[in-house]
Amino acid sequence: MNPKILQTQNVTVSFDGFKALNNLNFSMDVGELRVVIGPNGAGKTTFIDVITGKVKPTEGKVIFKGKNIRSFQEHEIIRMGIGRKFQTPRIYLNLTASENLELSANRNKNIFSTLFVTSKKTDKYKIQGLLETIGLTSKANIKSAFLSHGEKQRLEIGMLVAQSPDLLLVDEPVAGLTDEETYNVAQLLLMLAESHSILVIEHDMEFVREIARKVTVLHEGSVLCEGNIEEVQNDPRVIEVYLGQQNNN
Amino acid sequence: MLQISNLNVYYGESHILRDVDLSVPEGQMVCLIGRNGVGKTTLMKTIMGLLKPRSGTINFSETIINSKSPDQRAKMGIGYVPQGREIIPRLTVKENLLLGLEARKNRVRNPDIPESIFRLFPVLKTMLSRMGGDLSGGQQQQLAIARTLMGKPQLLVLDEPTEGIQPSIILEIEAAVRNIVETTGISVLLVEQHLHFVRQADYYYAMQKGGIVASGLTSELSQDVIQRFLAV
Amino acid sequence: MLASFLDVLFNGISTGSVLLIAALGLAIIFGLMGVINMAHGELMMLGAYTTFIVQNVCKELGGIWFESYIFFAIVTAFLLTAVFGLILEKGIIRYLYGRPLETLLATWGVSLILKQFVRSVNWVLFIGISLFCLLFFGGLWILNSRFNSHFNFIRFRSWVIGLLFSLSLAVSFTTANFFSQTYKLSVNQPWFGAQNVDVTAPTWLQEGLNFSELNIPVWLKEDWGLGTLYFPYTRIFIIFLTIVCVTGIYLFLQRSRWGLRIRAVTQNRDMSACLGIPTETVDGITFALGSGLAGIAGAAISLLGSVGPNTGQNYIIDTFMVVVVGGVGNFLGSIIAALGIGTANFLIASGTLTFLFAPIPPLVDFFKFFSTTSMAKVMVFGLIITFLQWKPTGIFAQKGRNVEL
Amino acid sequence: MKLKGGKSILIEVGLVIAIALVLIFIMPVILSDFRLNLLGRFLSLAIVALGIDLIWGYTGLLSLGHGIFFGLGGYAIAMHLKLQVPEGELPDFMGLYGVTELPEFWEPFHSFRFAAIATFLIPTVFAGLLGYLVFRNRIRGVYFSILTQAATIVFFNFFNGQQKLFNGTNGLIDFTTLFKLKVSEYSTQYIFYNLTIVFLVLTYFLCRWLTSGRFGRVLIAIRDDESRVRFSGYNPTDFKVLVFAVSGAIAGIAGAFYTLQSGSVSPKTMEIAFSIEMVIWVAVGGRGTLVGAILGTLLVNYARTFFSEQFAEFWLFFQGALFLIVVTVLPDGVIGWLRSEGIELIKKKRKVSTYPALEESEVQGD
Amino acid sequence: NDSPASTENPSESTTDSSTTETSNGQTIKVGILHSLSGTMAISERSVVDAEKLAIKEINANGGVLGKQIEAILEDGASNWDTFREKANKLIDQDKVAVVFGCWTSASRKNVKPVFENKDHMLWYPVQYEGQECSQNIFYTGAAPNQQIEPAVDWLLKNKGKEFFLVGSDYVFPKTANQIIKAQLEANGGKTVGEDYLPLGNIEVTPIISKIKQALPNGGVIFNTLNGDSNVAFFKQLKGAGITPDKYPTMSVSIAEEEVKAIGVKYLKGHYAAWNYFQTVDTPANKKFVEAFKKEYGSDRVTNDPMEAAYIGVYLWKQAVEKAETTDLEKVRAAAYGQTLEAPEGKVIMNSNHHLSKVVRIGEVRDDGLFEIINETPTAVDPVPWNQFVTSTKGFACDWSDPTKGGKYKTT
């Protein structure tokens, strides 16, 4: 059996009494590609927030690579090998697409190596390749403030890939992308899954079907059910709270 | 209802929209499709008055509104749900909703939030006193739609309204929008990636590289067109 | 004991209420609109000068007019500074929304100009400036309304503006020069001059509430020592004025729809416009309101301090501190912060703390070192920094996911 | 803009050195002593402006308290100069306030080396400390600005109130010698002038190096979205503290050179107005462009000298108007304006293509 | 600062310039260097007015050495640095024959090295804290023994022994209070407290609390506050029920102009010590006040620093005429012993660069002017180095005698 890369034990997050996460127990193996779905407000994004240290759990603990991350700051957690894409694209608007990528690709993120170590040739090729993958080669050198919403989404996915952490947390990667792009992103994630652990959150069920091996459904801050895509899709509780009656298709 | 002709829009020196012609007839639902970055949002913003066209006219219910400010356009009855939600983060959900009333022509006494809104988006009811910015992404999107509906617009401009919303609610939104169009006779201009929703519209326009390249009835929207303009 | 407690309480509240009334306008302009208004102090100065003028007019009328001039002064000061604020907003600030740090620089320029303005304003200058504004802004307005949609105009806009600017400057300069040559002293004499001007409180405000002459039981006076208390009427007046203003503002922002609009516009201007909020009107009203409050504050402090070109500039830091410590955009916070800072300042500077800590000698020395007015400021700043270590975003911090964005 | 490619670096270095040489050799010939001294002082002010541009233009930290660091640097060197008295004597002002023994902390300033190091080390330490306390708590934006502003008041009150230690309001004035050279002598001043230019050039390249390359990009990223930077794995607090400390050091050096050339340092440098003015120089020149900082400083200061000489009574009007115009009409400062409009006039209009593939695909007949 | 630092060949260049530049032309250029903007503009602008008036009068009467005086006005902007820069400019660029200027001690201290290094000449018109005697400065205001010390003596004799000292956080008040404390100790008075306000601060509640605590049954307040704080102080004193009958306040920075700005109501019955009041009854004063009002408006008042500035210009003119040149060294030598029937009475320029002056105590009356209630029978000779303060006790200054100079031991 694979060792666990990520585990949460009885994690509760409450905001002024409202429990966004409620006694959540979750675990993920090394190298696993896991999809998390669930109704709006189920706590998916909060879950990622907890893992990356943006939100401290009110109770319970999050264990990454065997370490409780509670006492670490955000950037330290990231340096332990977690990367994240935000739900709405967050990129550095005054940098160009390639600079954005370069910033994430940088391995050593303390001050001194940032100052004194120059980037390697191989990094440059890697970034070129990435730009190609996310379809932004032609816009690589304009300020990323001038990108459209979908392009920003893709750029942020690219940044995550450039960072290449052990665990990728991907929050709604294909929202606002065209079907074709959705397909590309799916392929990209599948390819990455060969060497990384990935946690994906998405509402686009086409996409979920495409990549999913194991799906976890969150509801009101705790796991509603877990299983492969067929099981989940046909679970009446999931249909009730999440999928709805897909009458035609 | 809405008639756009020969519209050219620039961001600084870069030419984004090129000679766009588009019209939304009264009581109809029109959908705009196109790949990422072709200028859909730009067109929506221009209709709303957030961007100034360099040439061309925008005609809304028989008046040319080129020189009108966004708030005047809102008061004339254009309701806008922007891409990226644009919730006012440090106002409560209730306050966000009440802002929707600003677009009404006559002042509303004793403002209240109609039940119909909550029927469509039940979560909002439980969160009235929460800060708008604290909501989850999908909840914010629902709030954005609800807020615009509060204003009882005549033309609803929706920019990817279903982004980040759970499947069951998407279905409800689709049904609701369809229902609104049919019962109240307002017009809708929709930008959407979900084909399912696109097919609810009466008419479609396909956009590529800043220009309209195809249009027609959605019932005739063939796989071929989709292939050409939505995929490479 | 009771007496000294009451004394400290009163002095703390009165110091705090001066701070608060000065900070109110800023809490709106900075707290709600996000404009760092460095000219706030000068707006207060305008209010103070208005008081001076109203006082002089009322002095002419004499009697009851003079005794009640302060009320007219407050109203006039409010209106006048509000109008000025409106002009400021329409002329400058509105180009700078969303760039708070730039507003700081622009308003700093405004404050320099205002200071110099009251020093040297005379008829010549008045005529010159009015003419210039008329020509320049009038011209601009015509240009804008005629050629706005012309693509070429947008491109050469800065050139045209530059040309217009120099032309108007030249015309108004020559005209002013002509006047000053022809009419000499009568137009050249400054209205106010660089000196302070004298604002004397109406007689009923000049003295104070003397507890020893008050009709209260003797035991209260003697055993409890209340007889030593003496509360200046001006201070009491300002406390009341502050309460009135705070309540007024509270009602305006919470009970009228404007509060909601203002908050919406400052948080997301474009979207608010799309919702049908007339953003420009909202901006104008808000800025005018904030400025008007500064005017009231100016009228109030003219009862305590000097009225001169530098009136108000001493308040600017303290008022910003009040707003920051209270939590930006939070009224209750500002109130508590003002009272807190006021009381702390009084306690430290007056050396009351040295008495309180009399049993602990090292602390006495420590507090003694800080018990001058200048050093008290140093200590209060230290306290504020310490406080912010604990609550980085003020007493009532904004919470939730959105704060970082 | 970016230090890219060996060739453009060489051109830039060459250009900078050429300008420096002009300043060193040509200016003294053209300008009178008084004007040259003025230029020297403005150039030392340009050094602070560079530091401010570093933190404001690139990192988005608007410090309204750089006067503190400027002043600290000035005081450090001035203390050394005031100690140029015969053995056993005290700096002249101390006698007036009945000080009979040199205060402890003055002692080390007997050594020039110590004083020289102190000119930037003391400001660095203070800036670092203040920065650490503030940034650690993620205090940002206007909060930071207002805190720095309040800090100036504290320092001002302190230096202003301590007559016995620093001669209070008067400040340290009336320097006699440095290395046996008479400070007020023209030849000595010329040395200071040249040193100022050397340090200006060095500071320019330091800032240039910091702001180009990866470090600079992290700074810009911090300006854009600080909390996002954390999720890219960088610790913005470290970066900000470092940059703030560096810019404090730069201000300290500038203060020292200014003091040498102006012949005094006083708590006035720690008044709020002065710190705000520094920011304005950068704004006028164009923030985020190092050249702009230098240009803006010279421009504003010369304008001020000019106006105050020509219209002694009204120059505040002009100064105020200048700020207003710059901020409203030239939001990107002079350099920004030159880039957008000026270049357009000279060169042909730059073409920005939005849909790079458009032209080809039209050929293909999509 | 025993002697000016540069003595190698000081007058060479300046002499040259002042003879070539200023004598060849039709005019003699003089510099006026005061704050026209900033905090100090309040006080300094009227001094400028007085100086301009003197120059205008002199020009109307034929000028100096047959030439008109041309005044070059520079703004020190209440900023010491600017003062120094402008002093340099006036001397180097404009090559003026003399500079009239400064108000605050800090500005004077800052330009002093400039005038000394360039061996130029400044006429300084304001009463000040003393402890200075520069060869390049003429002080036409009072030294402490011509204002503060007599005021303290008078208070001790007539008003009480317990003193509370209030001042601005600034050189003059601090030095003055040092002298007062020493004097009180020597003459049987008592300092019960002191406090300093940052310049411009108006929150005086803590100070008033302290005064009430230190002097519960009344006593003397000695006030060296500067500028704006005075207004706040007196307004709030009255509000707090602290009135001159129990708490007489002696001020040394409040003159007719300030009374006007503070409001007579608040000041009536308080005291001030000066050499000149507008109410001084001399023919010269009558003329001065009349001329001033005619020039600047009938609502204007005159005060001590204005008068000192005004006579400064006249004294300089007399010295130039005696020397028959604007050569600085000769003018300096000619200045010693100059007398003038000034508005304040007869003044004599001593060889220590200060004037002998009559000292007066005034009480604010209803019309905002001062009732002179005490005045020395003869002019008091200036003592720049204070004799109460131990570190300067026994020192004096005499520039007419090269062996003595700026600070020599008398005993």
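A, B, C, D and E are the chain letters, set down in written order, and residue numbers restart from 1 in every chain.
Convention: a contact is a pair of C-beta atoms (placed from the backbone, for glycine too) under 8 Å apart; a residue touches a chain by one contact, two chains touch by 3 or more.
Bear in mind that the values here come from a model prediction, so they are computed numbers and not experimental data.
A.B. asks: If each hop has to land on a touching chain, what is the smallest number of hops from subunit B to subunit E?
C.D. replies: Shortest path length, in steps: 2.
A.B. asks: Enumerate, in label order, the chains that touch subunit B and subunit D alike.
C.D. replies: Correct list: A, C.
A.B. asks: Going by the touch criterion at the top, tell me which pair is linked by more C-beta contacts: A-D or C-D.
C.D. replies: Between the chain pairs A-D and C-D, C-D carries more contacts.
A.B. asks: Taking each chain's centre as its mean C-alpha position, how far apart are subunit B and subunit C in Å?
C.D. replies: Using C-alpha averages as centres, the distance is 43 Å.
A.B. asks: Just how far, in Å, is the C-alpha centre of subunit E from the one of subunit D?
C.D. replies: A distance of 37 Å separates the two centres.
A.B. asks: Approximately how many whole Å separate the CA-defined centres of subunit A and subunit B?
C.D. replies: So the centroids are 28 Å from each other.
A.B. asks: Would you mind listing the residues of subunit D that make contact with two or more other chains?
C.D. replies: Within subunit D, the residues that touch at least two other chains are 157, 160-161, 227, 313, 316, 357.
A.B. asks: Which residues does subunit E have that touch at least 2 chains other than itself?
C.D. replies: Correct list: 36-37, 169, 196, 198.
A.B. asks: Could you say which residues in subunit C touch two or more other chains, in rising order?
C.D. replies: Counting only residues that touch two or more other chains, subunit C contributes 115-116, 372, 374, 377, 400.
A.B. asks: Under the touch definition given earlier, write down the residues of subunit A that touch subunit D in their complex.
C.D. replies: Touching subunit D: residues 52, 54, 73-76, 78-79, 84, 86, 90-95, 99, 102-104, 106, 109-111, 114-115, 118-119, 138-139, 159, 163 of subunit A.
A.B. asks: For subunit D, which residues count as touching subunit E in their complex?
C.D. replies: 32-35, 37-38, 92, 95-98, 157, 160-161, 163, 168-171, 173-176, 182, 184, 262-264, 266, 268-269, 305, 308-309, 312-313, 315-316
A.B. asks: Can you check the complex and tell me which residues of subunit A touch subunit B?
C.D. replies: 15, 18, 38-46, 87-88, 146-151, 154, 172, 175-181, 203, 205, 241-246, 249
A.B. asks: Show which residues of subunit E lie in contact with subunit C when the two form their complex.
C.D. replies: Touching subunit C: residues 36-37, 39, 41-42, 45-46, 169, 195-198, 200-207, 209-210, 213, 227-228, 230-232, 235-236, 238-241, 257-258, 260-266, 296-297 of subunit E.
A.B. asks: For subunit D, which residues are in contact with subunit A within the complex?
C.D. replies: 210, 213-215, 217-218, 220-221, 223-225, 227-236, 238-239, 242, 356-357
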